[in-house]
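Since the structure comes first, as structure tokens, the remarks are kept for the end.
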Amino acid sequence: MNRIDKTFQKLKQENRKALIAFITAGDPDFETSFQILKAACQAGVDILELGVPFSDPTSDGPVIEAGSARALKSGMSLSKTFKLAARLRQVVDTPIVLFSYYNLLFKHGLNKVASQMSEVGIDGLLVVDLPPEEAGDLRKELSGSEIHIIRLAAPTTTHARLQMLVDGAGGFLYLITRTGVTGTGGLDYSAIEKHTAEVKALCPLPVCLGFGISTAADAAHLAPMADGLIVGSAFVRIIAGTDDKSQMPMLIAEKVKELRKGMDGEVIGP
Amino acid sequence: MNRIDKTFQKLKQENRKALIAFITAGDPDFETSFQILKAACQAGVDILELGVPFSDPTSDGPVIEAGSARALKSGMSLSKTFKLAARLRQVVDTPIVLFSYYNLLFKHGLNKVASQMSEVGIDGLLVVDLPPEEAGDLRKELSGSEIHIIRLAAPTTTHARLQMLVDGAGGFLYLITRTGVTGTGGLDYSAIEKHTAEVKALCPLPVCLGFGISTAADAAHLAPMADGLIVGSAFVRIIAGTDDKSQMPMLIAEKVKELRKGMDGEVIGP
Amino acid sequence: MNKEKEKLIGAYPDATGHFGSYGGRYVGETLIASLAELEEAWKSAKNDPEFMTEFRSMLRDYAGRPTPLDYAGRLSDDIGGARIYLKREDCAHTGAHKINNVIGQGLLAKRMGKKKVIAETGAGQHGVATATIAARFGMECKIFMGVEDIRRQAPNVLRMQLLGAEVIPVTAGTSTLKDAMSAALRYWVAEVEETFYIIGTVSGPHPYPEMVRDLQRVIGDEARAQMLKQVCQLPDLLVACVGGGSNAMGLFYPFLDDPCEMVGVEAAGLGLHTQQHAASISGGSPGALHGAMTYLLQSEEGQIHEAWSISAGLDYPGVGPEHALLHDLHRVTYQGITDLEAVEAFQKLCRFEGIIPALESSHALAYAIKEAKKRSADEIILVCLSGRGDKDLTHITEYLQTNKLKS
Amino acid sequence: MNKEKEKLIGAYPDATGHFGSYGGRYVGETLIASLAELEEAWKSAKNDPEFMTEFRSMLRDYAGRPTPLDYAGRLSDDIGGARIYLKREDCAHTGAHKINNVIGQGLLAKRMGKKKVIAETGAGQHGVATATIAARFGMECKIFMGVEDIRRQAPNVLRMQLLGAEVIPVTAGTSTLKDAMSAALRYWVAEVEETFYIIGTVSGPHPYPEMVRDLQRVIGDEARAQMLKQVCQLPDLLVACVGGGSNAMGLFYPFLDDPCEMVGVEAAGLGLHTQQHAASISGGSPGALHGAMTYLLQSEEGQIHEAWSISAGLDYPGVGPEHALLHDLHRVTYQGITDLEAVEAFQKLCRFEGIIPALESSHALAYAIKEAKKRSADEIILVCLSGRGDKDLTHITEYLQTNKLKS
């Protein structure tokens, strides 16, 4: 059984919500990134979204864009992302979702992508700029595998379209809290609550919220509404803001714990 | 009898050619200009062309243009030119031709121009930008007076037109040696000789050559071809090139004598 | 407009090149023969259907005519008065009406076998147009331009040079358009046999005012037909800026016998009460300059004054002689618009219609806006948008900054 | 051309927005609804005679269409080969073909009730065109532009600002057009309800490539009719420069089923053998960027390369997806022209025809000149002169000086 499904099963039993961390692979460099990812998983991340750095991340805000640029500068690529994931799989059992722009996969070769993902033990694939209409080839390549295609839904997604999105998707539904790119704040909790409820009613998969969640208070407010929360820029911001690389894993782990506390109801902020 | 006619009569008897000097009135200032003009006349100029300074002397080259600007700067005007001529008339009997652009006369009032010219003893009027076709009003105003309208003819003037030009003109014909504005050199003696001969055959008036004559050698070459020579920029250049104003009358007088010698056959230059 | 009016189209100039007491040929004797030759050549050319066909196809295929007649709807709505239509000469090749004239004179130069052309320029628009046509016809080209204008209109200097023309800096006098014209005349006097002088406006000695008007009347001919076709009526008021007056004559001429009011807008610079303006008719008096009798900015003694305008193309102390006549006949009214009013109209057209007008044309526009306010929506004002403002970008930005205006 | 060819006009894109394997809609989920809304709106608009009539009258009365078809006689004679005709988009309002597209999209935005428009720009021509139409329609306007391009294209920045647009400097990535487009997409994702994104070329997600082509085909429709009317034959070869490819698609499309050769000219920068070029088809490979599958300049690993060209408007590492298809079908050939070749052609057109072309268009011209030499005088090459070069004056003057070339 796919690690993602297993995780949600277990969380459900424990009546807890998934903390999903987005971190760019190779940011700020391969080795530090490995330590950061390991620390995050060990600190209590339920699912890891491993971002493949791309030169033109049009769906991301400035924080993740800068992380992507750092990773690329240090020599990161899709192939090395697979290496990183493989190494991580040696030390943690956390489900890993590969988070990529389509061009990287397309250029690498979709069949190679499929086989390498299986080889290294990646559990899901989220292609941010690949709507289901364009995903036929990718679906075909992954059809033999256990790997889930994770889908995004947006506040602008119609109900009719939501059904279609969920068809053939697996793992969980990534529900975007608001229009815009990653990393920008200003969440309207009550609007999100209403929208999430609607989506959950239509969606057989776990529904996780992402975009703009960065504090324990956000986590505390939003966790009850959904099956999990996705936090990205808040982690990447720590990497950007820390000069001493050796401190990064520890700081990331602390952030995980802080968010975890928020989600588990131990903190309710202003 | 008009002083100009008298002059040509006398020169003819003496078998000499007229030396006609063009000098801008008021250049470099009223008083110095008076001294210069007086010195020129006394040094042997046969006819004086007194230039009225104009802001936009389009028929003149840079030398006379600059002289005009100096005179204007010192406060010269048509009215003051009349004053200057009147004062000159007290001390010399040299014929004076007023040399002007039409706008100055038009704006002053043609009838005032006519009466003031007579009053101060000016003998001729040359309006450089007033072809006979436009000169009806002026002719009317001058018709009662002894004042001659002096006409220009150019190398581009057709024979037919020459007849028309000479009709109603008096004094002498100002024959331009070449196309172009005043003050630029490079005279083609043999072309001028041929052209002058043609014009003389058609013209009952004395024919005088002007434009570009500046040295005794020019004078020596050209004097035999015509009834007189007109020299302008060569004088004005002396004013421009002399710092000490008190020297100007003397230097101008020397230039007059030098040219006179050339014309009288005492110098043949290269 | 009740009493029977004198018909004006075709009436002027007379056989001697005069518009009433204006116009004529106030030049040195050297040029007379060339002007006569030019007059003959033009007479023959304009009656030669082949020549006129070539002229018309160059206007179409090269200059991009007809230029549009464009209803400035947002601007008109904002004003809430008369409706403003724009005759869009800014869309013509090289960016102003100047091209119409140079195509005609260029073809005439070719017909006369001249291999060299010269021109004076102020804003640089006529210089660019002349350099353009010289390149197109393979003629040698010299453009006379005051050093002050060279400084103010740098992009147009680059354009002329890239087009292969020699730009000759003129330092005499005020170093602006009038001195450039004097310099061109001087050069022409010297090189008159081989050289065709392409004058850029309806001024200069006969036959230039007539010839340039005849070449520019395409503006009005088109606009009149377009008004009738697109709007089914003639405009109540025509407005055009007047530097030398070629775009204005071009627009007005075909309407002269129609019951349309007309206003020629002169540059009032810092105000007609100051010495800093270029309003030869509203602020000048008759006199002779550069070959014609007309209105001039001049002293009591007949010395020519320096003109002043924010717009280099209006910065000339004279005006075409036909305007002098139309003024005296009260057929056209001449009004002044200040630098500031022109700049405001410039900004308004940018913001309301997405058209960056030349500063020259902005004068016409400013008057039209003022006047539209006083009139009702069933009236139509037709404005000649004589050129585009790309050449003015730097200049206007500086002006806005210096005068602390919002850009 | 003997065997029965597949008819191309009307065949692409398919119902899902694909041109063969290219095109499509490679965007984040947030934009899907808006793109679907846009697709519906465009489908309904283009079948609405009233909408199309308004579009056509704005092209005529505002943009100044039809633009001329102009025979470059002196240039052709100098080459001594095929005859070169120019489709003169430089005469259109704002100085390039870009205006056709923005008028259409602007009208569509109005129809959809959007009050705000955004656009990306490289050379600034599309930014100016968008600011223009926003002013004309009274819409709020933001233009995204890389800081590097802001530096290179200063006059166009001034123009946009005078037109009332906000120019938003983009510092990400290479600070050029691709980053401006990314920034615009990001902004759009956030403000998608109120904002209409006016893409400037035949790229981006469906329906943009189709819509922009349909709006630009007026170039080819006019040129085809003009060729038949003025020259009584179709051209043998069509040539247009290809940045995103909108002027090329606009020219080519109506001729696709005719027996005419076609060449799309990409910017070869310092040479196709270097990394400094912008030739996505000749020097790139398929991939997905900015919403479409197409040819891209990219690394083996799929990272997008910075494009390079002397001409800011060609400086983009992708190309419209329909070009990718036409390349694969061998219907259009894609060739590279270097910076130097383009500059030489620029100078040649200035000197021989009195037309200052945009540096972009100079690439097409350079190829046409090369090709004309190989062909006989009974052949005709039709070049899309996509814009005027006034925006390039400073840049080209610097280039000539740096490279010690005669100006």
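We call the chains A, B, C and D, going by the order they appear; numbering starts again at 1 in every chain.
Going forward, a residue touches a chain if its C-beta (ideal position, glycine included) is under 8 Å from a C-beta of that chain, and two chains touch if they have at least 3 such contacts.
All figures in this text were calculated on a predicted structure; none of them were measured in a lab.
Asker: Looking at the contacts, which chains touch chain A and chain D alike?
Answerer: none
Asker: Find the chain most remote from chain D, comparing centres computed as mean CA coordinates.
Answerer: B
Asker: Between chain A and chain B, what is the separation of their C-alpha centroids in Å?
Answerer: Here the centre of chain B sits 98 Å away from the centre of chain A.
Asker: Measure off the straight-line distance from the CA centroid of chain C to the CA centroid of chain D, and report it in whole Å.
Answerer: 35
Asker: Would you kindly tell me how far, in whole Å, the mean C-alpha position of chain D lies from that of chain B?
Answerer: Roughly 67 Å, centre to centre.
Asker: What graph shape do the protein chains here make by touch: line, ring, star, complete or other?
Answerer: The chain contacts form an open line.
Asker: What is the complete set of touching chain pairs?
Answerer: A-D, B-C, C-D
Asker: Write out the stretch or stretches of chain A touching chain D in their complex.
Answerer: Listed in rising order, the residues are 54-59, 61-62, 65, 69, 72, 77-79, 101-108, 128-131, 133-134, 151-158, 161, 165, 176, 179-181, 184.
Asker: What does chain D use to touch chain A in their complex?
Answerer: For this pair, the touching residues of chain D are 16, 24-34, 172-173, 178-179, 182, 185-186, 189-193, 285-291, 293, 296, 298, 300-304.
Asker: Which chain D residues qualify as touching chain C in the complex?
Answerer: 60-64, 67-71, 74, 88, 90-93, 95, 131-138, 155, 158-159, 161-164, 230, 347, 350-356, 390, 393-394, 396-397, 407
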